[in-house]
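Here chain A shows up in two complexes: once beside chain B, once beside chain C.
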Partner chain A sequence: MKYAVKKLVQSAVILFFVSIVIFLAVRASGDPLQSLLDPRASDAQRAALSAKLGLDKPLIVQYGIFVFDALRGDLGNSHSSGRPVLEIIGEKLPGTVVLSIMALLIAILFTLLLGTLAAVKKNRAADRIVAVLSALGQSFPVFFVGIIAVQLLGVKLRIFPISGADTPLHYVLPGVLLGLCVSSSMALVLRNNLLAELESDHVKFARLRGLNERSVLFRHALRNSFSTVLSLSAFIFANLITGSIVIESVFAWPGIGELSYQAIMKRDFPLVQGIVLIFAILIVSLSLLTDILHAALDPRIRLGKEEMQ
Partner chain B sequence: MTNAVALKVKSVLDALRHVPKIPFAVVILFVLNGIFAPLITPCDPEQTALSDKFLPPFFMPGGSVAHLLGTDRLGMDVLSRVMYGGRISLFIAFLAIVAGGLLGSLLGVLAGYYGRKTDKVIMSLSDASLAFPSILLALLLSISIGSGAAAAIISISFLMWSKYTRTIKTEVVTLKRKNFVTASKLMGASDFFVIKRHILPNVGNVIIVMVSIEVGMAILSESALSFLGLSVSPPTPSWGQMISDGNKYFLKAWWISVFPAIATAVTVLAFILLGEWMKKSLGARDE
Partner chain C sequence: MNRLLWVEDLSGHIDTPKGRLHILNGVSFCVHENECFGIIGESGSGKTMTALSVLRYAERLGFQIDAGAIVFEGEDVLGFNKRRLLHYNGGRVAVIPQDPMTSLDPLFTAESQLVETLRTHKKLTVKQAKAQAYAIAEKMRIAPEKLKCYPFQLSGGMLQRIVGAAAIACHPKMIIADEPTTALDVTVQLQYLKLLRDIQDEYGAAIVFISHDMHAVSMICDRIAVMYAGRIVECASKNGLLRNPRHPYTRALIRSANLSGEVRGKYDTIDGVPPDPLAKPVGCSFADRCPHSMPRCFAETPPKTTRDDHEVCCWACQKDESKT
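== the complex of A and B ==
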């Protein structure tokens, strides 16, 4: 419980920093009056609009208003369509969430399979192959792999549809690619953790007790090492969001990633700001959730940190 | 003094004897190409020639030696653009790493050396940056300073700094407990002196290893940003943007996107492999 509160406070601090970055970045865009007003406008008109938008107030008050509005769910209106930003994001959010969940499940599956295989067959062919695959996965731009997949499997062979999210078949390519993109960094972490775990005393003891290798591996070693992979949660979710922006723009996926690509192209400032805020909140709350879950499963996390300090 | 320098040079040469040759060669080639691209590219990378558009590479029917890797939809030479794109990648990755690495290492040293409150503040900042992927910062910067090389450099260095901070901090915390540091402090040395004389030289290796791994990541991030239109803008060539450009014509003219993709992958892979090797060899020498 104490751990959960501590993590909650940490997340609040993180969101506070994030809100400052977003606020400052938008304010640094120069004089917003310039784009809104006629260049021939008089000083009185300038002052009037400035007062109306609250730009005449001190920066700290402006920041307060920004946070207050954001907390009420008011992120302003999109420049290009005039609709509230939150409404537009709300429409696209489910697409991204479904895709991300799918990709995460695929990533976990891949990580478990490849990481375990590599650790068990240490320094043998299978380990090498996993290492090569992971290095290739980390060095090829994921959007290029996406383009190849779209062109070969979609356009040429017509096995998979190439854009949109209408049928289950639409989910296959983007889901698998995003999953691969996330797991390429996780698999090696699992392998190395698992190797260390297999050398550890409690695993040796389990073997001495005469447990067969399979149950040693799955019930003792793998459980502990997978939980260390979970501790990378913030990193994993950040990876997932970055990947989804790129993958969605390749597959014209109706989600926030694709929306943000459109927003950049149209220079739709309030929309970009809203998307960044929503993504940051998503990452922070998801990693908060994983951390708490992780601590609930693994007492070393709850207790160990206190002792170390 | 000269003796010490000679020893240092010798140890570097010794280490280089076992360097993985192909990745090392690729990295050298990448750097040389980046520096000398304007002198060695066969064509002007921004020269359009509509009569020559979609020319295939020289080994395909209809290709010519004038455009070894073919031309794109505006008749620009793909080879020259790949070479110039490499120059942009090198430039952005280099500056991003210098900025991110310096800031991150400095904060890491401060957090590790002073501990307590300084440590807490710096570490919570670094946690916060993890929750804020560089792509989001690039999105924000595209609003404020506009997308371009500067925005890409800032976002990528923002991605980098917290890794340096974490790693360097751990190193410094162990160093601080070593006897020579305590002794130096007991003799009345100032914090600045201790950091300069005893801490920094000992974290140098760690920083070098991190840099060589991170260069690959920086190049990959730059290509993702330019793919999304968040880095340098056309006609300035960059790898990600060339891949995105070739997407629409893939079946008709695959070479527009395949060559920059291969260039990206080979370069990134070379840096990763070289980094892994450095990690092993420098790490082993420390022990």
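== the complex of A and C ==
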């Protein structure tokens, strides 16, 4: 419990710094008035809009307003459409998050299957095949594989729908593709970790105690190497979410990637800030979740190093 | 006394990128029921590989047996199938590992690993297994609350007692202790050896004690085998070996261990180095370090000769005997 609170405070501190960086970075990206107003607009018009959007106030005051509003759950209104930022994000985010979670779960599943298979069949055919698949998965970018899959399975064979997110079937192609691409690197990491674990003293002693191969592999070796997969998962989920722009354009996916692109192009400060902040909150909570899972899995983290003798 | 384990002419190698390592070159010995049998030798002499072969674990490390037999309670160990092997390991022959600090799974409590071992070999409910685990812990002088701890919360001495408890949990007929005291400090070492001896008396298990430490071996063993370059060069009762060592290597070993504890200006060392395991052994492997070597020693491997249960493999010793 103490551990969870400690991690929670850490997360809050991280979010605070993220908010500063977002706020400054957005403002460094250019002047939003340029894209909102006609180039021939008068200085008075500029000043009026600037005042309306709150851009005339000193930076520190603008930041204060941003943080206090955000703490109350208000991310402001979009400069371009005037609608509340949270509402716009609320429409687009679920599609992206559901897809990312699905891809991640598929990735973890494949990682466990392929990584374990490769480690158990070390240097045999199955291991070689996994190694080749991983190399392929890592060397083809997701969008390339995506375009080919869309062409082949969607356009030519018409097995899967190719654009939108209307039915569960729409999730299959992008979800599996993303999951596979991600698991290609994770499976190798798990394999190597598992191999090291299988040669460790405690696995040797487990075998010499007469434990059967199933206990040795799943109860002792795999559980010890799974923490690596868990750490990678948080990192990969972050990449999936923030990298959604590419995937979403290949699958014409109604998600947040497309929205971010538009917001950045229009220099829609509140919307960009909102999106990045929501990303940050998602990623920080996920890493919090993996930390807590780590602790649940590993007593050394749970009980802290101070008890070590 | 009944013969419990019998190893005859065991030879084996490991293939490495550098070439074939001849690790065991005809190891023969036997362990009687309820005795403490010591195997002593320097690192690389093949003591651990001998133990791992007896446990059938050596093959996992790429060790291939070329010749020889291992018989345990009249059964051919090398012919065991997977199921027999699972019961043999831990159920009939247990191991006390070299490094207790890393030999337990860090993610499970000591208790759960003891219970796991017990339930692997005996039909027990979790509750029964727990009760037995605590009973064994008491025998090994482990405080009950220590069983609730994870390995990283325990000291080296405590962990050594816990792996000891895991070893005796299923009442094995033989316990192989491979340098069990190397990781402990000297005071704890003595305590642990005494504890091992007590447990052995109570459980009636034989102990195979592997060590490079002449002091430790001479303290707890009934019989001692001396290993050199993948062979057992001399094997006798403790007193026979310490008072009347016959093989030149054993003599040198005892001299350098300085068992009498007399104060001298320098420690005795043995000149030269052990033979390269890459070379196929010809003749006596100690010949080029031996002060008594004869031409024959370099050409022919000395056979085992026995007098009053004192076995030795040495041409020079045979010559001495024929004189007397």
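One rule holds in what follows: the second predicted complex is superposed on the first by the 252 of 309 C-alpha atoms of A that agree within 3 Å, B and C clash if a C-alpha of one lies under 4 Å from a C-alpha of the other, contacts with A are read in each partner's own complex, and residues count from 1 in each chain.
In this text, a contact is a pair of C-beta atoms (placed from the backbone, for glycine too) under 8 Å apart; a residue touches a chain by one contact, two chains touch by 3 or more.
As the structure is a prediction and not an experimental result, all values here were calculated from the model.
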{"item": "Contacts of A:V284 with chain B and chain C, given as first, second, both or neither", "value": "first"}
{"item": "Partner chain in contact with A:V276 - chain B first, chain C second, else both or neither", "value": "first"}
{"item": "A:I14 touches, of chain B and chain C: first, second, both or neither?", "value": "first"}
{"item": "Per-residue touch tally on chain A - higher for chain B or for chain C", "value": "B"}
{"item": "Which of chain B and chain C A:I256 touches, first, second, both or neither", "value": "neither"}
{"item": "Touched partner set for A:F140, first chain B, second chain C, both or neither", "value": "first"}
{"item": "Partner chain in contact with A:L114 - chain B first, chain C second, else both or neither", "value": "neither"}
{"item": "Touched partner set for A:I89, first chain B, second chain C, both or neither", "value": "neither"}
{"item": "First (chain B), second (chain C), both or neither touched by A:F235", "value": "first"}
{"item": "Chain B versus chain C as contact partner of A:L75, first or second or both or neither", "value": "neither"}
{"item": "Overlap of chain C and chain B interfaces on chain A (superposed complexes)", "value": "none"}
{"item": "Residues of chain A defined as touching chain B within the complex", "value": "10, 13-14, 17-18, 21-22, 25-30, 135-136, 138-144, 147, 151, 155-156, 234-235, 238-239, 241-242, 245-246, 249-250, 260-261, 263-265, 267, 269, 272-273, 275-276, 279-280, 283-284, 287"}
{"item": "Residues of chain B that touch chain A when the two form their complex", "value": "124-125, 127-128, 130-137, 139-145, 147, 216, 220, 223-224, 227-230, 239-240, 243-244, 247, 250-251, 257, 261, 264-266, 268-269, 272-273"}
{"item": "List of chain A residues in touch with chain C within their complex", "value": "200-202, 204-212, 215, 219-220, 223-224, 297-300, 303, 307-309"}
{"item": "Complex contacts: residues of chain C adjacent to chain A", "value": "55, 57, 60, 86-91, 94-95, 97, 99, 102-107, 109, 116-117, 120-121, 150, 152-155, 163, 166, 170"}
